[in-house]
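What follows is a pair of complexes built around chain A, which joins chain B in one and chain C in the other.
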Partner chain A sequence: MKHVFTFDPDRCCACSSCMIACTDQNDIDLKAGEKCFRKTYDTEVAFKEGGIYCAYLSTACMHCEDAPCIAACPVGCISKDSDTGFTIYDNTNCIGCKSCAMACPFGAPRYNGADGKMVKCDGCYIRVKHGMKPACVRACSFGALDCIMEEEYRNSGSDKACNVLIDQANLRKKEALRRWR
Partner chain B sequence: MNELEKKIKAKIPGEDTGIEIKRSLCAICSPGCHCGLDCYVKDGKLLKVEGTLEHPYNRGKLCTKGAATRNYIYREDRVRTPLKRVGPRGEGKFEPISWDEAYRIIAEKLGTVKEKYSPHSVAFFSGYCKWYRPILHRFCYTFGSVNFGTDDSTCFKSMDIANSLTIGAPGGPNIPNTNTFLGWNYGGYYSNHLSVGPVQALKERGGKVIIIDVRYSPAAKNFADIFLQIKPGTDGALALGMGKLIIDNGWADMDYIGKYTYGFDKYKELVQNYPLDKVCEITGLNPDDVFEATKLYATNGPACINFSASALTHRINGLQTHRAIICLGALTGNFDRPGGNVPSFASYIHKRGGFTTREMEFREEKRPFDQLRIGETRFPAWDEYCDEFQAMDLLRQIEEETPYPIKAIVGFGMNAKMFPETDKLVKAFDKLDFFVDADMFMTYTAKYADIVLPSCSSLERGEMKAYEGGYLAFTKPAIPPLYESKSDVDMLCELARVMDLDDDLIKAGYEVCCDWMIEGNGVTVADLKASDLPVKIQTAKPVVPGAYLEKGCRTPSGKIEFYSKAIAAYDPKYGLNPLPDYVDPLFDENDPETKEKYPFHMIAGIRIPNTIHSRVHEVPWLRSLRPDPLCEINQEDARNLGINDGDAVEVSSPYGTVRLKAMITAKLQPGVLAMAHGYTEANANVLVGRDHLDPYSGYPGFKSLRCSIRKY
Partner chain C sequence: MNKIAIIGFGAAGYCAAAAARKCDPDALIDVYTDDGRGPYNPMLATYYVKGAIDYEAMFPFGSLDEIEERLNLCIYRNSAVTGLDGETKTIFLSDGTKAAYDNILISTGAAAFVPPIQGGDLPGVFKMRTAEDGVYLKKLLDSGKIRSGLVVGASWVGIKVVEDLVEHGIPCTLVDGADWAFSIAAFRQTAQRIHRDLEQKGIKLAFGQMLSHIEQEKDGRITAVMKNGCRFTADAIAICIGVRPNAAFLKDSGVAVNRGVLVDERMSTNLPGIYAAGDCCEAFEIQSGERKNIGLWFNARKQGEVAGANMAGRRKAFGGNALLNLAHYLDYDFISIGDVASCRDEDQVYEYEDDRYYIRAVRGEKLKCLNMIGTGESNGVVKSLFIKCFENNQAEMDMTSICHLKGSGFPDSFIDFIGRDQH
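Showing the complex of A and B:
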């Protein structure tokens, strides 16, 4: 039952309820400097010929098929969950070397100030195994974010899987999301 | 971590984890909404929330604010016990007292004001979240005061009055059956998230959407087939110009007009003053776009219009603007037909359930008539259609003490930041003998009170609630009240006993009052409490489009009134126009000196995803999404003024100044500024003049006022 995160930018408004739900689900301590695992963007992109495109986006770990963070970790903290296909972790042995973050094109892995250990989006894989949607998906009122079975995704003919979208939009370079002035 | 620990960390409900889902509702925003909540609870503590999938209203959805419920209810500045002020007003120095002592002081102080002045010198005021309104309203009347007021003085009611004057009924858009949605000032995403789904569905079935807004909003980007980015406050001129186009091009439904409307000839004469070129000069729109939008609305029916509860009516020409927009539905025969705007009436606290309760009788049977309400005779349309005082006159009456003094305020969730010239109002509180405020948090306003009572949240109480589709609910507490907080209605009922008010119903308690109000619907509070979800009410009837018009409108003529007979009957001294003519939204600020000094058109009170009025600005999760108050400014204006994104700026009007940060955008047109309201450190409403009011409704022109901006 491999799962795929999908995102439809034409349904998003960067309301950030996905971020709040992630914060609620994962007990993110903002006061301690922690941040949730999802981030939204309300970005104005200027066209050369004039006018703007308003990009409303929500991003998190893409749960890449060939996740570079897994290979980058010297102590084997990161792995693929065999049921969901999500990139999960156990940071018991994490040495805080940040190799995973450097290997990740999206900067998904983060470091907790308190213990210096890596944390990241685990796709709410325990929830998914219990028949629930990931918290961020459950909180999206507009159907912009979804998480569906791989088979369902392939049959839908959609091209809205997160990792595919990112390639289409050429957003692998982080600076492309810099706010337009 | 073993499997059970993993499940507990993931908050999976179950016997093994000890996590239970309890049902409640989110009461952060207006009672026109209030989504069903699944509360994940363990050992009396809330672990997380989600929208209730089985709830007939929100079907599992929650907005950004509702999603932050856990952080909201566990805010550190929750009022924990009744408090008595020991420092100067506004400083925030209080000492805890017992409930008994609080009740004793309140009873004594209100009794003294009643005796020394009159019961009317006590003003009762409800802010958010309004759910206790029927009890507070009746309490006020039983006490003997005519002065019950609410945030209706600045929200929703002006639109409602315009509806009453014109069609005699509310008239929401019937999007599921429409072909064209005219999203006049429709934002949706950040203000009414449940309205977005039907518009998405409309687009998916090939329907058309027109968006008219001052900002290029997410709705404009995601939905608009035609987007009209209009100059702020000129919507009335556009509506009249569209009316002329509809008549001139033969798109008007003349049979419908003949049968169901009143005053068409006079209206037709009026719109002759609004030819397309003139309308485009006023509105800044492209004539071809206006023509195409009008044609689409008038010829691709059934078509419906978004009725704007605040954005359009927060201008001093607002009520007539909304009337002019309603007239388009009358011209094209789109009012009271499937897919048009369909009338339906509220069942209980703004919610249209298709059944009737005795909410109005509940207060009316105790209503005193022996004094004028605050503001009465100043705004005739308000006086006729709203049985509350118009709070925009409160500051004047406290200061001037005419026609009689106001010496005490009983506030529930009172929000001084709602008032223009907020700084003057809180200063005027010094003239009060007594001010009690009940709130969940130590708010800016509560700091001025003599006694502060700790309210609990919707998760900590039981409350009755109507929902669309014929539902009624009575929630049960998901967690016990935090600290010594109480349900607002319990405070009122207990206080009524301490004061020994002549009111057996209120003294009998909230649930008895609810049973009284819903009598005749075949259910009792006990029945409702037996269900975790809203209960379908057998007396509820679905709205049948067309039935209202056939029966005759609840207007003086019994028809849809282009020409308002009610307005025509008001004393000519008010200078009001029975026709929905357009006036400049800045007509009181257009002298050459003010124009030069304050060249920008400020919209003070836009919607952003992480705030609602003044309610959740201090919720840390929500604040983190946008840590600073921002003033949006067009990129060209910013360049000309040397302002960069994030610069500290000072925004001034003739009435006040706020300091905040600049947010540079191309979504706004040059010459326009916009900011969200409700911040204490940058309160938009200090910029608004107390007399910058709509002469019909008394509504402040929050969304059209003159300002200047500079770096500091």
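Showing the complex of A and C:
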């Protein structure tokens, strides 16, 4: 039952409900300096050619298919959940070396201030295994964020899986540029 | 039936065995290791000394018995391979045993280089590479007899020994023959900050110090004597001046060796059916297009995987290395990407500093080298942008990365510098 996170940037308004839900689900203590696994962006990017692009994004671990963070970890904290295909972790032996952050193209791993150990989005795999949606998905009222079964994703003909998110954002940027020109 | 031999059983050897087994359930896979324990991670030795992990955690793949059963291997323990005939693909052991194979992987790793100097074998003089080196240092530090330490070699290994000493409350001095720390990867300006921050933590530094020999003092302490006559006395001295690929046994084998064993994208050597992976090899480096010996855990694992799949009849390629170094010590992180030696006076330089980050980057036509301090969580984002740029100067900088960098406090000027003329 492999699952795929999908994200539709056209529907996201960076309201951050997903972040609040993630913080709550994972008992993230923001006051103690812990960071939410998900991050939203309401960012203005100015183009050299003139014009401004407003990016609304919500990102967390992309649960990459061939996740480079797994091989990068020197103690073997990170692995794939065989049911969901999510990239999960057990940080008991984590030495806080940040090798996983160096391997991750998306800046997904976070480090706890107190013990320096790595934490990150695990796709709420326990919820998903029990037939529930991840907390962030459940909180999104705009239908921007979803988590569906791989088969369903393939049949839908969508191209909005999180691991193609990057190309998405690029296409949109190009479109935006074309409109300005 | 495909007969495979794996020589050396670290990360590269293990990942090759696992990949070969996955691709070919019937292959006969023999493993020769000069050790009696499971594959371990040399970089964890100093973390074991520090008490960050237990002894067992140094062995992330489990014990030899577990692995032997899990992957259906035949493991020859404490059996160093002493020679190889590349033509007949035959390996030799010191007891006269020889065996021929269809495919052979050389994954013998590297060893800490200790020059043959006078006093190099005095008690209290040590190196840092193997699990035993970790056990030795931990015993030494836990004995309470060490009141001062000297580390020769201000690089990735030496700095981790410094960390162990500092964590044990032992005053220490760090010396190096070069003019600054991490000299093969750090700009002088980056190193100045690193020096200042180390000194603030109470570490004494001395550069331009080439080790000559080590002398025993009457009071039991030992003194490292430098070629310029300077003397550094301590209770324990770590020699961390570099590593050498374990490739000496390949002399007369016909396998082409430079510093390490030369391999192509499939991790194949010049001889068909003979592969190499990990710290013992030199694979393609994307910035220079040349082959380089880059000893990293991730590379060892990925190269091993590629070699294992190819030995089992698949076609798989290793995407290539970039010069990449991450030093993480004493709550500090310094990363270098690209080749500092390729930078020229006429190149453009970018520099930025605030209370969190220090960034220095150099570009000619393409990006050449980047140093960053304190950017830990964003290192992968920047690294992947850098590698994209090496591969294709016209590569687009994606919106997610731009948002990440802006959101993490990187200045727009930096984003402009690395994504020059793109957005």
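Definition applied: the second predicted complex is superposed on the first by the 160 of 181 C-alpha atoms of A that agree within 3 Å, B and C clash if a C-alpha of one lies under 4 Å from a C-alpha of the other, contacts with A are read in each partner's own complex, and residues count from 1 in each chain.
Basically, a residue touches a chain if its C-beta (ideal position, glycine included) is under 8 Å from a C-beta of that chain, and two chains touch if they have at least 3 such contacts.
Computed from a prediction, not measured in an experiment: that's the story for all the values here.
Enquirer: Have a look at chain B and chain C on chain A after the superposition and call it: clash or fit.
Expert: Here the two partners, once superposed via chain A, fit next to each other without clashing.
Enquirer: In the overlay, answer first, second, both or neither for which of chain B and chain C A:Met102 touches.
Expert: So A:Met102 only meets chain C here.
Enquirer: With chain A at the apex, figure out the C-alpha centre angle toward chain B and chain C and round it to a multiple of 10 degrees.
Expert: It works out to roughly 150 degrees.
Enquirer: Which partner does A:Asp83 reach: the first (chain B), the second (chain C), both, or neither?
Expert: neither
Enquirer: Classify the contacts of A:Tyr111 with the two partner chains as first (chain B alone), second (chain C alone), both, or neither.
Expert: Once the two structures are laid over each other on A, A:Tyr111 reaches chain C alone.
Enquirer: Looking at the overlay, does A:Glu65 come into contact with chain B only (first), chain C only (second), both, or neither?
Expert: After superposing on A, A:Glu65 lies clear of both chain B and chain C.
Enquirer: May I ask you to decide whether A:Gln25 touches chain B, chain C, both, or neither, giving the answer as first, second, both or neither?
Expert: In the superposition, A:Gln25 touches chain B alone.
Enquirer: Kindly classify A:Tyr41 by the partners it touches after superposition: chain B alone (first), chain C alone (second), both, or neither?
Expert: After superposing on A, A:Tyr41 lies in contact with chain C but is clear of chain B.
Enquirer: Report, in whole Å, the shortest distance between any C-alpha atom of chain B and any C-alpha atom of chain C after the two complexes are superposed.
Expert: So the smallest C-alpha to C-alpha spacing between these two chains is 12 Å.
Enquirer: If we count contacts the way the header does, which residues on chain C are in touch with chain A in the complex?
Expert: Those in contact with chain A are residues 15, 41, 43-44, 47, 52-54, 57, 60-61, 297-298, 301-302, 305, 324, 326, 328, 331, 333, 335, 376-381, 383-384, 396, 398-404, 406-408, 421-423.
Enquirer: Using the touch rule from the top, collect the residues of chain A that touch chain C in their complex.
Expert: Going through chain A, the ones touching chain C are 39, 41, 43, 45, 47-48, 53, 55, 57, 59, 68, 71-72, 74-76, 93, 95-99, 101-107, 109-111, 116, 165-167, 169-170, 172-173.
Enquirer: Across the complex, what residues on chain A touch chain B?
Expert: Per the touch definition, chain A meets chain B at residues 10-17, 19-21, 23-25, 30-31, 44, 46, 52, 54, 56, 90, 124, 126-127, 130, 132, 135, 138-139, 141-143, 179, 181.
Enquirer: Contact residues on chain B for chain A in the complex?
Expert: 1, 6-7, 9-12, 48-51, 60-64, 67-68, 70-71, 189-190, 193-194, 196-197, 200, 216, 218, 221-222, 609-610, 620-622, 624-625, 635, 644-645, 664-667
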